[in-house]
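Think of it as A, B and C in the order they're written, each chain with its own count starting at 1.
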Amino acid sequence: MPAEEKKEVKGTTISRRQFFKQAGAVSAAVAAAAASSVIAPEEAEARTTFAEFFQNNYRLMTDEEKKEAIARLEQRHSEEYGKKVTVDGSPAMKDVLFGYALNIQKCIGCRRCVYACVKENNQSRHDTEIQWIRVIRMEKGNFTVDDMDKGYPNSPNESFGIQVGGNAYKNAGVALEGQHYYQPERVPEKDAFYFPVQCMQCEKPPCVKVCPVRTTYRDPDGIVVIDYNWCIGCRMCMGACPYWARRFNWGDPNLPAEEMNPKTHYLGNRPRMRGVVEKCTFCLQRTRKGRYPACVEVCPVGARKFGNLLDPESEVRKILDRKKVFRLKADMNTYPKFFYFID
Amino acid sequence: MKNKVSFIVDFFSYGLKGGSSYYAWLGILSLFILPWAYGSYQQMVAKGMIVAGFTDQISWAVYEGNFVFLVGVAAAAVTVVFPYYVYNYKTLKNVVLIGEMLAITAVLLVMLFIIYHMGRPDRLWHLAPIIGIFSWPNSILTWDVIVLNGYLVLNLICAFYNMYKRYTGQPLNEKFYMTFVYISIVWALTIHTVTAFLMNTMATRPMWFHSLMPLKFLATAFAAGPALIIVALLTIRKNTKLEIPDEAINLLSQIVVWFLGIALFLLLSEVVTELYPSTEHSFQLKYALFGMFGLSKMVPWSWTSYLVMIGSFVLLLIPRVRKNYTFLPIICISLFIGIWIDKGYALVISGMIPSPLGEFSEYTPTWIEIFIIAGNWAIGLMIFTILAKGAVGVMLGDVIHPSAAGKEVAHH
Amino acid sequence: MKIKKITKVTFGALVAGTVIFGIGHFQTQAQQEQPAQQAAATATVTECFESREGYTARSRVENVVPEYGYPNIKCSQTTGGVLWWGDPYDDTIPMGDMPDIDDITKGDYLTEDAVIKPREPQLNYFNMDPDKHCVMCHDGKAVPFPKDKKPRMITMHQDIVEDSMELMHGEGAIWCLDCHNATNRNTLIDHRGKEISFNQPQKLCGKCHGVEYRHWRMGIHGKRIGSWIAGGKKRWWVCTECHNPHTVQTNRFQPLKPEPAPALPKGMKNADHESVHAPSAAGHGEATPAAMH
């Protein structure tokens, strides 16, 4: 990114920060006023639901309609959660293409990213629990003298005349035989490594291709987003995603008011409703304002790196230049913008 | 217009009239409505899809399975339409309409199951062109919407136009009618092919991701569909005056046996192709056939289905068994159930196990889900019974316009 | 007669349906009550650690970001780790000058935008004098200054270095006084005798670990929070916030308790099937279904 534009981006972040400092006091007053002026919340709720039913796909709304939709949501969620909730509608930043890099050599499998994500993105906490990041534990595998006569085939009866020995069969780092529910006392363990998976924000996303109503689409900054109000819940995208990145709200999401993150984005972490699909958006409510995603910030070992792929000075670009990187399931030809790397 | 209304009234009032065993049959089917209504209320209104057995790991399951299976049943009407119109196989004269009634019912049922599969049925209109967004041609699902609705319309036109003309005693407009008949023959193939594409284009689900899928879908459909038609014909023959020659049933049982043979051959090809190299991509099939890592809920289902299919094939190969109308319906019903298990249950669910990240989990349908599925099927059988009864009435000349009574007009 | 029969059957079905309805309703209610009870049983954790357990402690301060009512941090209720930052720059100071590194990026680093959490207050770890810190004892009199840097038995600070003759850093090539300033224990010292603040351990560590240092300066090693924009304001983690220099040879990163595993998918009672093929849990070669492949 040229230096001038970089400054511009920075400028907007700062001014926004200042804006919110002033807005904080105002918004508290507004929230109080709103609370007192609402006479029949049920009627308001019904009216909102009615209006939401007829609203268009977010991408096709006029700016005016977007504003109305956002105002409706802000009012509805502020009432529902008893605090001032903001719903942002910022579009993608100019000349930004988000990329992510994860150092699997460093990851210790502590799952903090999983829970940071839940806290940030307002997922359902239980029944059913929704987590956008899944960390898989993988065996390092080893070869020992004792196992020389073992391995595949398991017994001479099964050998069909094939002689195989030397611990031929032990899974080591095989994605399809990892453990998802590992729970040791301490991580990292000596005999394992860990492999977190989340939405890869593919350049050729199979989920977008299969969506019959185009409720999921790619924004210009490369983030595959979902208009939760347009999703019909057919789950084609869940079937098509090679990374199992998408989750479904099988029932009404359970999000306690005190844990609700009031800073939301229309296409990101605003509270979802029953019967729609959701997934990681690289925390676009944060990243479009210049801040790191929650999972990057919480990783205690700094295994997670994030930045603008169009800016040669960004962390991800430097990693692509200097480290050995790979993309998960490259054979799927999805061109993820989520890279794994080793030192 | 007046004639058309009186036709509809006469058709359905005939369809709803019958003897005590007819009412008993409809009564039994209606018993499923109460739990169905309870289940529907829980899923559609009170709690959402959480009341069914779905998980994020297994996000497509029995509703989708029934949808896939019933598309096959709908497509199978072509097995009677094709020989009758293309090969001029006259013995199927009274069978074609029954086949078309089955197709109409199956498509309606397909749509019902799709509604239950959707998380937000209230937003169905988002799919509608112009007022919503219809992502055609990108999304295979939109192709499916087109072919299924088209097939429904084609069958409604073909069947009801034909019956209406019989009702009023007018001759058919051959050009008009045959155009739709030929389109519907080709169209029948597309519905099941596109439904297969819906699944087998998902490259991340290796069990589905092979080019045999559409062919296997058609082969199993052309075994299961005629099997159901045979049962329906034998029932109609027993209970009404409608003349259905033995040759018609024998032709259908031959169609069943040959397509079943092709289906088994395709199954064999699939199993060998997957299991010989035994890569990680064969995990889903292995799970279905043998279970993996101690998880084996699918194994009895798979083997029941395969053994029923193999057993039916062997039995139906014997002409004496095939022509024994006591055994034939029993074999047909078990074959129908066997193929339902394969396509409606095992194929969809095993394709989801393990997940793309290699997570194994198992599927357990909930009671509510079972209520809904049983209720949907009961509704389907009710619709088919009434439609078939009405069609029989038309064919017998019981449903006829007063002015046309006694006239003799040559009909297909 | 037959109509009577039909009515009977229908009535029976109605009764059966109602019973099923009732049972189903009761079951779903019972399921819903469980999580609420579990939530009530746990007390809130407000003291937690960032990266190194027992070393980088933070306490939760409510409402540091007033516009959203965010606290500075949110703590894990199960492991006591920081799970989320409300204000990434809370409690930080400028990192101070750093030499440029010789590449186009200049280390992605602008003085005013790079902040750290100061390490010096951590010297209070031993409940010493708040100003004098280590020099309280290591003043040359109470504890005399050592004459050289040769390893010797030390009977103090075993909580930091268990056996001073077996320092778990440097494979025997270095010892305590190669890094700790013998004459001013409140500072570190490099091999040229230059005093280095505890706030900037990277200036010392980088002397040996050049590659890591360069990558850290570029932002591709170590942890930073705040703005992702190159040159934007970030809080940088310094070396010792992640690595314990006294035990780094044993563990590059001190193992810690992981956050809970995800909830099992509906219908699964355990995840035992996962360990069927793990060598640690079950001997391979057993006649398990896993052996099928």
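Simple rule for what comes next: a residue touches a chain if its C-beta (ideal position, glycine included) is under 8 Å from a C-beta of that chain, and two chains touch if they have at least 3 such contacts.
Model, not experiment: these values are computed from the prediction.
> Imagine subunit A is absent, with all remaining chains left in place, and give the connected groups that result.
one piece
> Which two chains have the most contacts between them?
Answer by contact count: the chains A-C.
> Provide the C-alpha centroid distance between subunit A and subunit B, rounded to the nearest whole angstrom.
Distance between chain centres, rounded to whole Å: 39 Å.
> Report the inter-chain centroid distance for subunit A and subunit C in whole angstrom, where each centroid is the mean of the CA atoms.
21
> Could you give the separation in Å between the centres of subunit B and subunit C, each centre being the mean of its C-alpha atoms?
Here subunit B and subunit C have centroids separated by 57 Å.
> What parts of subunit B, by residue number, touch at least two of the other chains?
47, 51, 54-57
> I need the residues of subunit C touching at least two other chains; which ones are they?
Subunit C, residues with two or more chain partners: 264, 266, 274, 277, 293.
> Could you list which residues of subunit A touch at least two other chains?
Those would be 127-128, 134, 177, 180.
> Considering the complex alone, what residue numbers of subunit B touch subunit C?
Per the stated touch rule, the residues are 20, 23-24, 27-28, 30-31, 34-35, 38, 42, 47, 51, 53-58, 278, 282, 286, 290-296, 360-364, 367-368, 371.
> Would you mind writing out the residues of subunit C in touch with subunit B in their complex?
2, 6, 9-10, 13-14, 17, 20-21, 24, 28, 264-268, 272-274, 276-277, 288-290, 292-293
> Quick check on the complex: what are the subunit A residues that touch subunit B?
53, 57, 60, 127-128, 130, 134, 136, 174-178, 180, 197, 206, 209-215, 230-236, 238-244, 246-252, 274-277, 329, 332
> Which residues of subunit A touch subunit C in their complex?
Against subunit C, subunit A makes touches at 1, 6, 9-10, 13, 20-21, 23-24, 27, 83, 86, 106, 108-112, 114-116, 119-120, 125-129, 131, 134, 139, 141-142, 150-152, 154-155, 169-171, 177, 179-189, 191, 254, 256, 261-263, 287, 290-292, 294, 296-302, 305-308, 311-315, 318-319, 322-323, 343.
> Give every residue of subunit C touching subunit A within the complex, in rising order.
Of all residues in subunit C, those touching subunit A are 31-32, 35, 39, 50-51, 66-69, 74, 76, 79, 81-85, 88, 104-105, 108, 215, 218-232, 237, 242, 253, 255-264, 266, 271, 274-275, 277-280, 284-287, 291, 293.
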